[in-house]
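For reference, the structures are reproduced in the following blocks.
Next come two complexes, and both contain chain A; in the first it sits with chain B, in the second with chain C.
Entry: the complex of A and B
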């Protein structure tokens, strides 16, 4: 009797749990479907035990016509996210993203835009790295393996975009998701820890939340992604396209 | 001309141990400098995120390039069959090894993580010329040691020509690889030129021979060995050819860049801006290190003596250091061009001429590498038979009598 009672109780419990999980699933689907971006994010999040896939090529579109001069929301977000506090020495402090102001010397017209690692398809930094510490993931993100970087800085010499920094002094209070190390080279990771969790780079998020929404992040290999559609709608350009590095970062209005 | 007899160097003990103490102290300063840089991080140096390679690289590249050039004498004797240089081939090999080890030591100790040498030796990216250079450097040391063995061991003598030829090909490959470290930097206005490879070969010829001349004169002076004037004249003539070759490639390099409008900026910066690099280029590299020794060696061709050729060699080395400095530091001081035709400004020093002042630890580390080179040579000639008992013309030069009676 007692065992039968227990059996019924277990069945009821399982049934209740299934109903609860079903309701949560419907709710989650509803929330996810509403803003399409979130749906994309979850669909492309990577399981921790799965390798990055070349079906995805992460890219970024910066609309320079909407990027406000004087706004550095993306720069601050990057520093906060990755713990780039600096030591008050601009020449040697790391900068993964910077705002560059351009001025046409003939027309005097100016514009402002962020420049970071361009996550090239043919990255010179990866080509020149003697140990292979500088590498490109299958999904196009260019990273530095902090365990095999010997700090020779040849990648910094080779990068056409001045996107890399050398860690010139001892670091404290590092972020667990952004390993860094004195004596090694580093650069923008596209906030790879966020991307693998289905999110977006901190700079993109900050730009859309607190600035002008001049950045669109997404999958260049997916013709239906917001990024691909935006790139298809209007012409865009790449910095130093003549070098043939095929950057993953494109600029509109440059 | 009889068979050459070699012996260990026998300078007076005060000179030997005094030199060891002084040069050892400089090597110690080099190691201390490296420790200081690594302990604190590179922010204590003059290097930044803009000038990423600094004074240690100037020393290292000079020493590595000179290592290849130090083999000139060995190559000329073993590959081109000029017997007059044969007695100096052993010293040529020893100096090449010492220069390369000194240069590599500086390069290694300047790394952000010198403790990861084992990683550098076990992880290879074969698309990187740096990785290839590690094999070229290691092979150079091995071949040079093998070459010296064939010269010193009678039973191996039959292999000396083969070893000399292999060494000759290898040294040209090594200097090509060193030049291409810069030649493959496609984005930098001052580099991105295949001409860097032959330019570095020409640089190696002249720098290496200048160092070799000084070492030979010092080593023979230390224990009073005769050194013939006719040999000195021959070496002087070689220096003239090599200085001219270096000047030729420098001229072609700059003319090529001047022809391309996209390189006009960096050329104007180096050649005419009035910056420190302009002075170093025209006054030190071309004037003091090129034209002056060229004139000195040519004007006193018939009356060349140890003092004059030593003076010319010192001038060549000063000019050579300036040349490497202009290439490495000047090339980085000129900003990367991300947006051609636009004026740019940023918090990361885009669009500006990057300043650089070498720090004491950097210079200390560089001099430490030089000291290690000198120590290896001093100890090498002291314990092994690298030096001929006599380098007098009548003892080593079969053509001397004919020439003397001209």
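Entry: the complex of A and C
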């Protein structure tokens, strides 16, 4: 899908160079991201009565060179964790994370990678929200406070990553840790309920346990976190960096 | 507060009709009264009378603390209320807000309070089976650093 390609990569002219950098990434990643190794890079687990703090900025590195085409372990883990079930209507069913295939129209080379809420430092969804329901938590997680969301969907239009979904149907049997309901907007929360309990997002866990270990989650503000070290070791990029949203999700080998 | 007004009303009726309060409570009242099922354990998270009048304020405060600040203390968490106040139906499983026996519904119907909370929030604790699956590969157990 070349339209997707245009949307995601800011600069086609440099794709060849980027692919080269990607190859370098594969070699190095093979060493640093051995499958089965748990990489949460979480330094400090917060007490339940302590608020999230801006000492932490949660971030994610996706190694696109390790992400296998046809693998959807992260997508399934997200759906299981958060109780997202479809109605067979892909246009409107909730998608908190989706696999996107990029194709270089010149070389026909394809690449597969997961795209979810990019947890921007400058989130456009927050700027446009008329009620303050779309907000950024102190630790950088961009959330919808569904208690104040009126379902206007401005945030969905403002998001350059198409990361948000709207709940169109009455839901039943929601997961106790992920309340969801008709008439509100929702998106990836980095599994905030897990993070607050010292865990890591379900997609990251699934990727390291059952797939290629292409995702590292951690604290961007801690230079010693596994994530920060991996980011320091190899170049990575942000999708649509030109927009200045400063995403917390980074990609290697894009 | 509907409940408080109601109690005051009941006390007045009782006093005016000359019977003493103790025996009035023991008898089946002629006025229909909500009978919320008793929660598990000895007592609620605050005094019962306080809870009757103020549970909604506690919940709304906790809601903002949790969602906006990430504070996850258990005491006033909606999930904990639901776990401790679960009422079993005929099948021995906890009933949801759909069922008139549900604790949270017992009074609300009486005072005509309509909640939207359970359009999103689970109104019963997860079934035993789901809970067991959760402890095997649940979010707390996995991905948490050894403590």
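Here are a few things to note about the model shown:
Following the convention adopted for this analysis, the second predicted complex is superposed on the first by the 211 of 254 C-alpha atoms of A that agree within 3 Å, B and C clash if a C-alpha of one lies under 4 Å from a C-alpha of the other, contacts with A are read in each partner's own complex, and residues count from 1 in each chain.
Here is the rule we go by: a residue touches a chain if its C-beta (ideal position, glycine included) is under 8 Å from a C-beta of that chain, and two chains touch if they have at least 3 such contacts.
Please read these numbers as outputs of a predicted model, since none were measured by experiment.
Shared-chain residue A:182: touches chain B and chain C both. Of the two partner chains placed around the shared chain by superposition, neither chain B nor chain C is touched by A:69. Once chain A of one complex is fitted onto chain A of the other, the partner contacts of A:160 are limited to chain B, with no touch recorded for chain C. In the superposed model, A:174 lies in contact with chain C only, and not with chain B. Shared-chain residue A:240: touches chain B; no touch with chain C. Judged by the touch definition given at the top, the superposed model places A:143 against chain C, while chain B stays out of reach. Using the contact criterion defined above for the overlaid structures, shared-chain residue A:191 touches chain C, although it does not reach chain B. By the touch criterion defined above, A:122 reaches neither chain B nor chain C. Measured by the number of chain A residues touched, the leading partner among chain B and chain C is B.
Of the residues of chain A, those at positions 170, 181-182, 184 touch chain B in one of the two structures and chain C in the other. Against chain A, the residues of chain C that register as touching in their complex are 63-65, 67-74, 79, 82, 116, 119-122, 125-126, 139-140, 142-145, 147.
Here chain A touches chain C in the complex through residues 38, 40, 42, 45-46, 48-52, 81, 135, 137-139, 143, 145-147, 170-171, 173-177, 179-182, 184, 191-194, 196-200, 202, 204-205, going by the rule given at the top.
On the side of chain B, the complex with chain A involves touching residues 38, 40-43, 48-50, 52-53, 111-114, 116-117, 119-120, 123-125, 127-131, 134, 181, 184-188, 332, 336-339, 341-350.
Residue ranges of chain A in contact with chain B, taken from their complex: 75, 87, 89-95, 98-105, 115, 124, 126-133, 148-154, 156-162, 164-170, 181-185, 239-240, 243.
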